[in-house]
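Per-chain numbering from 1; labels A, B, C and D assigned in written order.
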Amino acid sequence: MNKVYSSFNEAVADIPDSATLMIDGFAGPGGTSQNLIRALRDQGASDLTIISNTAGLASVSGFGTLPGQKPIDIGILVDNGQVGKVIASFPVSPSPSRPTSFEKAYHRGEVELELVPQGTLAERIRAGGAGIPAFFTPTGIGTFVTEGKETRSYDGKEYVLETALKADYALIRGYMADTMGNLSFRGTSMNFNGVMVTAAAISIVEVDKIVDVGEIDSYRIDTPALYVNRIVEV
Amino acid sequence: MNKVYSSFNEAVADIPDSATLMIDGFAGPGGTSQNLIRALRDQGASDLTIISNTAGLASVSGFGTLPGQKPIDIGILVDNGQVGKVIASFPVSPSPSRPTSFEKAYHRGEVELELVPQGTLAERIRAGGAGIPAFFTPTGIGTFVTEGKETRSYDGKEYVLETALKADYALIRGYMADTMGNLSFRGTSMNFNGVMVTAAAISIVEVDKIVDVGEIDSYRIDTPALYVNRIVEV
Amino acid sequence: MVAERLPREVIAMRVAQELQDGDVVNLGIGIPSLCSQFVPEGRTIFYHSESGVLNYGPMAEEGKEDQDLINASGQFLAPVKGMSFFDSGAAFAMIRGGHIDVTVLGALQVSSKGDLANWMIPSRGIGNVGGAMDLAVGAKKVIVSMEHIDREGNPKIVDDCTFPLTCPACVDMIVTDIAVISVQNEGLVLHETAPGWSAADVQAETDAKLIIASDLKNVSL
Amino acid sequence: MVAERLPREVIAMRVAQELQDGDVVNLGIGIPSLCSQFVPEGRTIFYHSESGVLNYGPMAEEGKEDQDLINASGQFLAPVKGMSFFDSGAAFAMIRGGHIDVTVLGALQVSSKGDLANWMIPSRGIGNVGGAMDLAVGAKKVIVSMEHIDREGNPKIVDDCTFPLTCPACVDMIVTDIAVISVQNEGLVLHETAPGWSAADVQAETDAKLIIASDLKNVSL
């Protein structure tokens, strides 16, 4: 059993065309698997469906980005024509004058969008990892979100039925991993990574450090090893 | 804002008759709020509905109990005639020759039982805390579990619709809490405590140690303070 | 009607008075994010952000910013005692599960029934939902803080929202640069006006009909 | 038919051969809990328990038992490197979500279709479901290890279960004290018998009709 890969390119080499991927970071570069995204751009798989909180925001908005830095986000996959569909909650720039790559491609009719409230997105991914195919949630009642979906009342309040999301691969940014695959995150970089790592058939993780088993304290493990398939050190 | 209580009796004083409580520990004394259970016995509230993994097991079976110890579990509430209903996954002793207090009361017709698979019980409680009123799960299909419930097929597999569980109070056993209510657990004592603490209107927690804010490292906090209402040091 | 409008900081100060000791509070982008600076002394507030953090405090000092420590506005946070981190599934379980006492959000439009529209300007043809729908439906109290009229001078408090809804009947209170309004079963009640603004002045900038509170007063801080 | 039955440890050894390098494995109470002692060298197995732990190893030494460190059988675990803890919600998300490669469970009855009954003896009128239904439906591979007949001599491998079901059509493999059987679309296939036991001997203790594998052999370890 070897989970440690020596290069980002090797770790993403088998991702086929038309794969579904979960890729995140909340919005900024913290928690975004920038090296794996670049390797996937170089690898070239096309017609990808990407499940993500944003559709690539930091590169145009500087969201959560240190001064002078130029973060990579999934915008480079959109620019490279690899993306067929995005499932996201925050797909465009807050500022219409600085549109994201996704927004431009969307207006050209090149990519499809499924817009999902952020909590519903997180819960759908969590459900995908947890063997729950569908659940009722109050979020989106009285809005476009319920179009074509079943709604139902519990205790006088309306809820909408949402279905689980799963992926073929997740590209995850962690902090430390041990060689078994136990994983820890730093600060708010856990965000969507923490649920996405559970919902993909194959989770590929880039981390600051790969360490021996035991070097991450049991209480510092955020993601148990069973959710992690491939690890690459940055 | 003061969450620290000076006695177990004071912490459970306002629990009324007919309240719904979540009380756990997986099964053994580790993670069971033995002091709060005893205080509730002394307090005397009756006709309680108790949501728990077992219905009081360790006191008769010695499950997870150090040699020579005599653990307290919710059996003392059953013995004291305070329990009207139990919702549990493991309500009786593995050994018919050493029945639990609950099993005896059940056969006398004094308590009602809702038997729930353990994972469904955990998920129903998690849902109660997470604002999800109902969800589909594969567990229990083809068994008594689906009686009177809606079933539905997703991708050719059958699922049953289960509803959330919430409580008026949860009696929780933690390891350390800070005065703000941040909480950490030890080892496998997190178990049902980790979900129950999110699903009760008022969570009452007994801990080994109450410490100043900052003495629990951010990464050692298992339950953020917003879920904890009352803390008592053992 | 040449009286001055309240500056953004004063709107935030007024909202901050609503935050009670022990409250769990989620602050949106813009004016809402300013509120934490103005909470009255002696109140412990737990700030929650959907980026996955509870109990954040001040922003990071210059030169000490950390990309792994941000709130949902992308601001860099200082590490503080008692801060905890969690994933997005848990962050929204807190919101949807009713564990947030107060959320303060911006708005494009609020209706007389408390409907909120804050996620899309229809002319753009695309928008960001983000966490607004979850916060609006999940928080126990929803306060909108915003300018009373938009940049073109159109009233933002309307009979019925013309923009796509974020959540129907969710707003409890509106604090603007000229008024403090509560949403009641009988409609919108005007409680406070900015100094120099009469109830009629506020009504003139409001599409929906306002009910004047019997104890109408000036905004006080 | 005076040949000896395999002892519990040998049943466990045979099951242990099925555990592959890198597998995530959940072991039930009884014979299943013995399997971890007999895994062939060089295989890394991740043991999962619904008590909320992944990657446990040996049991705690006498005098070092810790009530906060148990598996789902209530056994005290030794702390080992790489061990992680989680709550019951997460523990069963792993099970139900398909992240457990193999579970080894005891049984009261298994049917020719792989139906499993292991939670209630009807005469008792009450029983413990525990985590069995979740494990049976969630694990990728379900292995039953048990005695071939019950204490009264009744066959436990039956055409149709008469005891309340835990899960229909979930069992992949049955390892007993006299046989190794797989559940196939065409029915139960007998692959291995205990030394001294013929296929006919095994059939005589089995209610359901067994299909004899063309490469039938003795249980080998």
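The rule is short, and it goes like this: a contact is a pair of C-beta atoms (placed from the backbone, for glycine too) under 8 Å apart; a residue touches a chain by one contact, two chains touch by 3 or more.
Since we're looking at a predicted model, the values are computed, not measured.
Number of steps on the shortest path from chain C to chain D, with steps defined by chain touch: 2. Listed here as common contacts of chain A and chain C: B. Chain A and chain B, compared by their mean Cα positions, are separated by 34 Å. Distance from the chain B centre to the chain C centre is 36 Å, each centre being the mean of its Cα atoms.
Taking each chain's centre as the mean of its C-alpha atoms, chain B lies 28 Å from chain D. Shared interface positions of chain A, defined as residues touching 2 or more other chains, are 123, 126, 130-132, 137-138, 219. Residue positions 85-86, 92-93, 95-96, 138 of chain C are each in touch with at least two other chains. Under the stated contact rule, the graph of chain-to-chain touches falls outside the line, ring, star and complete shapes. The list of touching chain pairs reads A-B, A-C, A-D, B-C, B-D. Of all the residues in chain D, the ones that touch chain B in their complex are 29, 49-53, 65-72, 74, 76-77, 85-93, 95-96, 115, 124-134, 137-138, 164-169. Touching chain C in their complex are the following residues of chain B: 1, 126, 128-132, 178, 180, 182, 198, 213-214, 216, 218-219, 221, 224-227. Partner chain B is touched in their complex by these residues of chain A: 123, 127, 130-138, 152, 154-155, 157, 159, 163, 184, 219-220. Interface residues of chain C, counted against chain B in their complex, comprise 21-22, 24, 44, 46, 48, 54-55, 79, 81-86, 92-100, 138. Per the touch definition, chain B reaches chain D in the complex via residues 26-31, 53, 61-67, 89-92, 94, 96, 103, 106-107, 113, 115-123, 125-126, 137-145, 175, 185-195, 222.
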